[in-house]
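For reference, the structures are reproduced in the following blocks.
Shared chain: subunit A. Partners: subunit B in the first complex, subunit C in the second.
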Partner chain A sequence: MNLTTSADVRHARGQFPAWSVKIVLALLVVIGGTGCGATPPAWFRLNMVEATKQKLTPDQERQVATLMTAMFGTPDDPVALPETGLDEAKLRLAAGPVRSDIVGRKNGLYREHCAHCHGVTGDALGPTAAFLNPYPRDYRPGIYKFKSTERADKPTHADLTRILKNGIPGTSMPSFALLSETQIDALVEYVKYLSIRGETELGLMRAYFELDDDAEGKLPETREFLVGEVLEPVAEKWKAAADALIPVPEMPADIDMVASIAKGRELFYGDKANCVKCHGPTGMGDGQANDYDDWNKTIVEWTKEVVGTDDKQWANRAHRVLDGDSLEPRTIPPRNLRRGIYRGGRRPLDLYYRIHAGINGAPMPAAKGTVPPEDIWHIVNYVRSLPYELDGELGADRPMVARDRF
Partner chain B sequence: MASATIGTSSTARSTVNWPCVVAWMLVATTALLLSFGALVTTYDAAMAVPDWPGTFGHNMFLYPLVEWFWGPWDLFLEHGHRLLGATAGLLSLVLAAVTFRRGASPAVRWLVVAAVVLVVVQGALGGLRVILDDKTVAKVHACTGPLFFAVATAIAVLAGRQGRGESSGSTTERSEPVLHDPFVAVGSLSLPLPSWAVGASLPTALAVAAYLQLVAGAQLRHADATLAPSTFRWMVAIHLAGAAAVTVLSALTVIAWQPHESRAARRWSLTILAMVMGQLLLGGGAWLFTWGVPSWLQEAWAPAEAVLARSPRGAAVITGHVILGMMILGAAVVLALEWGGAERLERIARFGRQGRGRSDGTGKPLSGAVALQTRPERGAR
Partner chain C sequence: MPTCSRNERSAPAVVDTGVRRARGAVARLGLALVFLPLGSGCGDGRVGQPAVDADAAERVRTALVTSTGGVAETGTDAAATGTGWGTLKGRFVFAGTPADAKTLAVDKDTEVCSKDGVKLLDRSLLVDPSSKGLANVVVFVRKSSRVKEAEPPATPVVFDQKQCEFITPVFAARVGQSIDVHNSDPVGHNTNIAGTSFNQLIPAGDGTLFKPEAETGMPTMVTCNIHPWMKAYVVFRKDGYVGVSATDGSFTIPDLPAGEMLEFQVWHERSTGPNGALGLAKPDLKWTPKGRFQVKIEADEVKDIGTLEVPASALGG
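After this line comes the complex of A and B, so read on.
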């Protein structure tokens, strides 16, 4: 036999060509690399940023995890103590893995629709979170931006329902308008559950700081302490949300809109409302833009603390937590008001809420107390006119408008 | 040794190339099956039927049609996926019977064995995915599906060639791949191409890359909610790099295949490139429907309304991305085998040895048409 090439030699020996073996090996590596072990059951991740900030010991972290499981159950088997005011039947519809029950009703709605961004724990560390700008909401501090209640209050059930139905334009939060009322209701209840759970966890971790020496570094595992002192104050705020609605004076039906917009413009640039400081002279968000929201600020400030500490062992641990349990902090740019995209809702009422109470968790301050309620309507009217404002009408020296930029 | 004769009665009965017909039926069924599978993933409907192999306690095949068609959408998808899977399994067995009875070439026989093994494994994986409710099994299930589709396509192409007498060993004009000239003319251009870039190498590499893209995409679509964002970011990066690789390979294939004597081959390579371009668009659409407008694009374009989750349009784009990926894989397999790589595959199937196929007694392998018309005499052994 005349063997002329290496391929002929291989064939004569009865071997596959080398490239085919390489491809098969590469396939095995890729498939194997994705993890061929069984998928572990979903679990609630401990708030490691707070645990490390509070310098909890491993035993204390374990105690918090145990107490949290006792009070709130697991992602597959949630528990709602009566003091939370939550409906456990709704939670069970939203919790657990995605599956249909015997009548074809889908369970595991949170895992299906929300967890990939907001995370199983509601810590905004879902797989896709790093791709989103702004990052998805971390429910654990219990802070919500778009609501009809005062700045420090919790959102109402209707507020969260509206967000789910409408989504948040200009962000990755989609509208779930195609879900049924029952499904949206269950998801809202589950979001409240994750928030109450997260705030309770924060309360427990911070309680170690106030322990007496007699406690030997362990929290009391009594109902009085866990429910009465930690859980109930959190749950009460959620229950009180329905009574904390912002009082909104009716906009006069015969309002002179041209005059109202002019008045609003005056307030926009004036010292009282001072919207121009952040939203800029053009209203395009070109004012102060180097601030962080509360969630990112927590990480930024803690990073500074970690960098400045002399405790190298703690710093090393903190760095590991920062790498694994947080995302790169981002500044929050002021909104470009000329685009007609309103994240918290496009109704005049929604804008009234934003201006009156500010945006909780964001640098946007409340006009309440500095601008009379009826004047807030003028600012609303002016802001709503901004996307349509004609060239040359804005600012004393005709600042740039949207058309100039594009 | 079984004697092989060429009988007139056999010739009469062989006017229809049944292996080829059944193989293409299997390809079509598998395409529909994988489309249903992609929809099942898009709508997260895998657990719409909690039991397996039955459907809500019924025998799968006897589940009431009314409940299937008029029940929940998730049930329609999942039960339909199961029925199509069973159909693909049965067709694979029929294909095995037909090809082995008709004396197919070694490559076809090996591929049919692979198809039967794959379809059995795939069915078991589908069952395990339901019984264990496990995402890892779902990932493997999603990787095996396109592999089965590629194998079915390869069988169909090879069986068709065999029926036309273009099987192993026969060097026809049609099977001659491309001009083995390092300078390949593309229109008025002359591009220097290395020797490895001609022939079936590029389509084969394209098929492998398209399959790996489907594997990478399956990891993204079945990502567990507990996965770390950093890991997911890497997975997306790999998928994007794979998209670049498939695009480059498809473009190179077009360049390398332009001097091909067969107009169909040239058009086929261009069709693949067009499909890849469409796939890039669908990929961008899938991103938009999943995560909205990226922040770097928002300054130039951002809709005033939020994306509607689970909208039919979004589901069509996202699912279409999977289906078109599968079609690219199939098209690359066709290009590689129909106009170039069949002989190499036959050599591999014979482990490099000549003459292990059906023989007419001369020691030389039969050409495909003759092999198809050749049957062992009953009781000849």
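After this line comes the complex of A and C, so read on.
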């Protein structure tokens, strides 16, 4: 056996003359040395979940990709049509690869600070996204949680600026307070750009279903359709945000805080404000907890449809998209109000906004309309007292220590 | 070594599978190494993504930037082609035997939601046992040239919930018309209308008004996050030309613009068509897989498109 084996090896080696080995090595050196030329330019990913959901044909996907490039440019060379209301100069500071411009100013801020989580496209599919809990925000549906405007409205420029400066406590979103005002301003503008871009893309993809049969499955490439019907309705909402501020009556200065907290507690557990249903009898988020936010629900609902379909070919394609273009859906736990961590800000005003308008994109409903403003203030005061409650109901007759809060 | 190598090569090949296998493997590896960088590394990494037609993009952008004049106001089409009004009616029946409705998992507020042992059933397929009528099919006009009642009615549509169920599983309202979202239960609910950002607390025995500001396209889902089994659908249209089939499967849409071809869209919650569109084999009405059909109604005519059979396969069995 030994003999045969060594003969095999000799045979094998003998089959390749030295010159052939040298040629292969030389080829490898040439390819390895020259590489592939420069790094290919960055590109925006198409929203494959929506494209597949709408059963777009390859031609239709190509048309959307092409129209998106026409209307918004590329990650290195962004375009903002005047109707978007965006400032292209700001976008240029945030876009493109990280580099210094002719006056030594840092460019490519989005890719330096944001893209690794939020993705070059703003689709929350950056390389680190899967490791974070909660996942980073996907800008494309144009839905934002922490803002001073009514539920259905967009956040103001100041709202997004505050998020960038303060970060989001309790999540992986850090503070960028060390950046200059100009840089933060440019990044906020770029987030709006990615958001308007993403919503426009959704609009285009959904428009195929609305086409008349004689359109032969092709969207009109006219200004009237692309700008008038798809882009402008999205951009208008962003422009209107500054006028959609939630009116907040001042909390009475002479308010009896003990009485207010007691009233807030009553509302929290009562069937009018009903906070207890989700935030739970302990306020630790132990109520209704198996729901999803809008971003994850999109994937959950669609997965059900994919699993239930008889169309095997489409299901295969859909499974590929679910694997490559979405993250494993996660439920959204109601906030544990005893930790004293408030994602959208800890000012009483921030809590007022959350309770008044609810949290867009999340199951948290608005109290507006059914709970009067003074009652909202009572709930705010009770919620702010929760991390420090001394009522013994949790078996604690002392101020809660960190261990108890988790 | 070269000598040895040449000798080995010149010798008549002894059939030796071991050698062949080894040679094949090395050759494949070499080829793979050569092509690997060409195949994957040097592209731009767009796996499973469409390519952009850069020239076409440039052309479209130039047209968007340079075309003069503002965007035409997209409002009601001025091209009114007739004067009278007509009515459309029809009836949907289910051709098949529906499976028993599933019982919903009710695990919250059971003292109200499962009062007296009542079990809540899935209502996505409601078929009247005697008439076979299929309820909750939505029929609406895709584009109307003119509307008889220009303003939405001042009376609100009542949308109520009782015993942890929305009383109307499918309903319609006009854009700008008030909806009285009510809660007749002794427990609190919240009503969350997808796509509208309306999600409000509805305290026990209370209600709130909601005015839709935009059309929904196809019907959109209404849920309660506190009681996740609660589900309904709503469609908002500017012109209000919507019919929702009743228990016996019949629907009526009055005051339609007469004398012109109207295109209708048909939807059902369980439909397997795109976005819930219900496609039927009705060539006389030019019924498409996108769930659209065409009808022309004369002035003062009550057009009956008759009994429309919906096969079980169209509703996912």
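We adopt the following convention: the second predicted complex is superposed on the first by the 352 of 406 C-alpha atoms of A that agree within 3 Å, B and C clash if a C-alpha of one lies under 4 Å from a C-alpha of the other, contacts with A are read in each partner's own complex, and residues count from 1 in each chain.
The criterion applied here is as follows: a contact is a pair of C-beta atoms (placed from the backbone, for glycine too) under 8 Å apart; a residue touches a chain by one contact, two chains touch by 3 or more.
No experiment lies behind these values; they were computed from the predicted model shown.
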{"item": "A:G324 touches, of subunit B and subunit C: first, second, both or neither?", "value": "both"}
{"item": "Subunit B versus subunit C as contact partner of A:R223, first or second or both or neither", "value": "second"}
{"item": "Touched partner set for A:A89, first subunit B, second subunit C, both or neither", "value": "neither"}
{"item": "Contacts of A:P40 with subunit B and subunit C, given as first, second, both or neither", "value": "both"}
{"item": "Touched partner set for A:R339, first subunit B, second subunit C, both or neither", "value": "first"}
{"item": "Contacts of A:D271 with subunit B and subunit C, given as first, second, both or neither", "value": "second"}
{"item": "Touched partner set for A:V300, first subunit B, second subunit C, both or neither", "value": "neither"}
{"item": "Which superposed partner A:A130 touches (first subunit B, second subunit C, both, neither)", "value": "first"}
{"item": "First (subunit B), second (subunit C), both or neither touched by A:L81", "value": "second"}
{"item": "Touching both subunit C and subunit B, counted on subunit A across the two superposed complexes", "value": "10-17, 27, 31, 35-37, 40, 43, 324"}
{"item": "Complex interface listing, subunit C residues touching subunit A", "value": "1-2, 4-6, 8-9, 16, 18-19, 22-23, 26, 30, 33-34, 37-38, 41-54, 56-61, 63-65, 67, 71-72, 74, 108, 186-188, 190-192, 196-204, 206, 208-209, 217, 225-226, 228, 263, 272, 274-275, 277, 288, 290, 292, 316"}
{"item": "For the subunit A and subunit C complex, residues of the former touching the latter", "value": "8, 10-18, 24, 27-28, 31-32, 35-37, 40-41, 43, 45-46, 48, 54-55, 58, 61-62, 64-67, 69-71, 79, 81, 83, 151-152, 206, 209-210, 212-213, 221, 223-224, 226-229, 232, 271-274, 277-278, 288, 290-291, 308-310, 320-321, 324, 358, 360, 363-371"}
{"item": "Contact footprint of subunit B on subunit A as seen in their complex", "value": "10-17, 20, 23, 26-27, 30-31, 34-40, 42-43, 97-102, 104, 106, 111-113, 115-116, 119-120, 125-133, 166-179, 324, 327, 339-341, 346, 406"}
{"item": "In the complex, subunit B residues that touch subunit A", "value": "44-50, 56, 71-72, 74-75, 132-136, 139-140, 143, 208, 211-212, 215-216, 219, 223-233, 236, 290-292, 294-295, 298, 300, 302-311, 344, 347-348, 351-353"}
